[in-house]
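Next up, some structures in structure tokens.
Below, subunit A partners subunit B and then partners subunit C, in two separate complexes.
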Partner chain A sequence: MPGYQKITSKMLQVPVAPGAEVYSRRGAMLAYTGSVAFAPSTTAGQSIGGAIGRAVAGERSAMMHVTGQGEVMFGHAGLHVSVVDLSGGDTLFVEADRLLVHDASLQVGTMFMGEQGGVRGIVRGAVTGQGLFTTTLTGKGSCGLLSHGGVMELPIGPQHPVHVDPQAYVAHRGQVQNRLTTAVGLRELIGRGSGEGFQLELSGSGVVYVQASERKI
Partner chain B sequence: MLAVDLAGETIRALNGAMVAYEGRMAFKREGMTGGEGLRGALKRKIAGEGMTLMEVTGEGTVYLASEAAEVTLVQLTGDTLFVESESLLALEGGLRTGVQFIGLRGMGAGQGLATTKVEGHGTVAIVSDGPAIALEVTPETPLSVDPHAYVGHHGQLRQDVVTDVNWRTVIGQGSGESVQFRYQGHGLVYVQPAERGGILEI
Partner chain C sequence: MSSFGTRTWNAATLPANDNVNPYAFSVDLDGQWFAQKGKMIAYYGQVRFEALSSGPLDALVARTFNSPLYAQDWIVAQGRGKLLLADRGFDVNSFDLDDGNLTVRAGNLLAFEPGLELKQSIIPGFLTLIGTGRFVAASNGAVHFVEPPIRVDPQALLGWADCPSPCHHYDHSYMRGAFGAARMVFGIGGSSGEEHQFDFTGQGTVLMQSSEAVMNEDVLLRDLEGQIGMVGTSGLQRLQQTISRRLSSERQG
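Now for the complex of A and B:
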């Protein structure tokens, strides 16, 4: 199967065939060739229980199930698209509204931020604007992520932690611990901060995806 | 996006422009005067040419970006770069900044009364909406640019405003190109492929 192909930095061409279906953000289709059908999907490949959990968590964006035979072009709001291939061994953590398209073969899940660091995780989710839940993708397949200004991959090593601005964080994968570090001092309190008061520290081994902007989607 | 390798040096960058870093870094907002002295700070206040920079010090790599804008690097060897304060992303620690009054002609371009000048030896990173191109100006080939697409310039240049306002502009039937900056002399002008909104729609 000739995987996902970038036509421009903001447009993605995805082959669809019986047995190789995809889920995409609803309304993100730009054009297609062949005979392809789009059906709104509330479960996005999850079980009913998972879907209800996501709805309750607010970690949900409307997805659609793309089936048939052909090539479909996807894009959204002029945002940059990046393709991430998962080989089956690791899990991608990403916000639901940054997900443009993913293979139906990937398992979608929801992770409670409290699972990573308890109360601290909840605080982190609130501060970074990620909310209390984040989406996980596992399995073998590809997905397309949305970002403002394109993404850069930064490798994370055990002796090589990376600090990221929470607003510029897009996704990460691998065995990564994240921790919110603060550098809030007297200067921040009197309104003369450097604008870098909160940082996400990622350590372990994996990859973090960072966008060239501090804008949320 | 811009990656800067630091080994103990200091650079100055737009406040809040860090998106990621590796290694050990410290971020500190510059004082009220921003290294321009009390007079410089007062001039900046009067001119409304606001600029908030932070000092970045440390060892490692820092990644800087702002609103998905394109980054252009300009090497200065003792000459002066004129740039809008909002187009400045980062500069090497050894460079000096100051305010240059440009007079009333800045009003039409939405630039305000003053612009920022950077002088010394080192590298400056400027941001633009879309990739900026550098257009060369020689005495034989003067250059006219749309004030809304102008990003910055350096070299021995004289700046004039050319207006072509006639009755059509007055009744709202203008071509949208009634005011232009005209550069003469020797130097480079940076132009972006997008037009900023100005105070006056001319």
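Now for the complex of A and C:
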């Protein structure tokens, strides 16, 4: 597979061929060579049932199906782009609006936050503004993620969990449990908090992607 | 070096006609430069900034600034000193033209030497520089150079050099068939947002940037106003109907 190629920190070049199609965020194409077509897609590679589920969950980002033969460049709103390659073994958990482009060979799903971390997961989704659902990508292929200021890859080991600011969290993969930890004390109650009252604790084994900013997309 | 790891500059150590960092450019001013309003962030030396309409500049403006539409956005910096230019934290680059031509998005052109002649491009919102000299332009992310044939999203297009022929390309192929017809008639499923591109063919270079979400609406508006002269009476009446229809729907919304 030729793979995704980064041109600049904000631009990605993706080869498209029959049988190697991609889905991308609508309107994120910058340029292309060859003969490539862009069709709006409501299902983004899922079944109709899955698409309805996603729509109900609010975890829906307008995607388009990119087909044909050629090279397509992607980018969005001057945000940084990072490439994540999935070898087929694990699942990537990411917010739908951070997804710039992904191979059509990847299976897209929606996961209820409660599945990862129970009630805490639900609270986490509500507090961070990410909603109660998140998007999952499984299979073999690549995807491009959007971030503000670029991402760092932090490994998570069984002995060393990682604490992340919920606003700086972009995505994670592997066997990871996430938990919202609060550091709310008397100071927060009287409005003298450090401004870091909530943290996301990720434990298990895997990788978390963190952006160098607290700005949402 | 300061304690923050950044270098401290002064008038003597600032680079001459070179980048200070990826986001700021230092012009070694000795004479006159055209600069877009609001892009100058600092200067050293004896520099005066004059509006293009001011009398003494008439001869210079008539010779090199061939675009009344953009005249109110530009000033002339004259004197001796160092002029620092920057724009919205974008990457800033300078380019040298040697008896050449280059067209660039109007909002992204920061400054140019009077040796170059500025004209409005036929594509709305773009300016063409012709001649010999240096100019400074900003881009969202580093500039990426590509060769035709290529199709570029209108927002990602930064400009083009030499003469690849730019034209519009529309792609509605997914509107075909029974499902496509339903999509077109009922508007279900939305559009991909990628139906329209600029198509470049021929010899030359196309300059691209990562997509810029914010368009300079003021320039767009003035561009439209400038083109009204080409519309006849019946066209003006139709335009009026379109505008009033749009206005009433905006009020309801």
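In this section, the second predicted complex is superposed on the first by the 217 of 217 C-alpha atoms of A that agree within 3 Å, B and C clash if a C-alpha of one lies under 4 Å from a C-alpha of the other, contacts with A are read in each partner's own complex, and residues count from 1 in each chain.
By definition in this document, a contact is a pair of C-beta atoms (placed from the backbone, for glycine too) under 8 Å apart; a residue touches a chain by one contact, two chains touch by 3 or more.
What you see is a predicted model, and the numbers here were worked out from it, not measured in a lab.
With subunit A as the common reference, subunit B cannot sit beside subunit C without a clash.
Contacts of A:73 after superposition on the shared chain: subunit C is touched, whereas subunit B is not.
Within the superposed three-chain model, A:214 lies in touch with subunit B and out of touch with subunit C [touch as defined at top].
In the superposed model, A:164 makes contact with subunit B only, not with subunit C. When the shared chain is aligned, no partner comes close enough to touch A:17: not subunit B, not subunit C.
Contacts of A:150 after superposition on the shared chain: subunit B is touched, whereas subunit C is not. If you check the complex, the residues on subunit C that touch subunit A are 140-142, 144, 146, 149-153, 156, 171, 173-174, 189-195, 197, 206, 208, 210-213. Those residues of subunit A whose C-beta lies close enough to touch subunit C in the complex are 7-11, 26-33, 37-40, 42, 62, 64, 73, 75-79. Contacts from subunit A toward subunit B in the complex involve residues 80, 148-150, 152, 154, 160-165, 168, 183, 187, 192-196, 208, 210-215.
Looking at the complex, you find that subunit B touches subunit A at residues 1, 15-22, 25, 27-29, 54-55, 63, 65-69.
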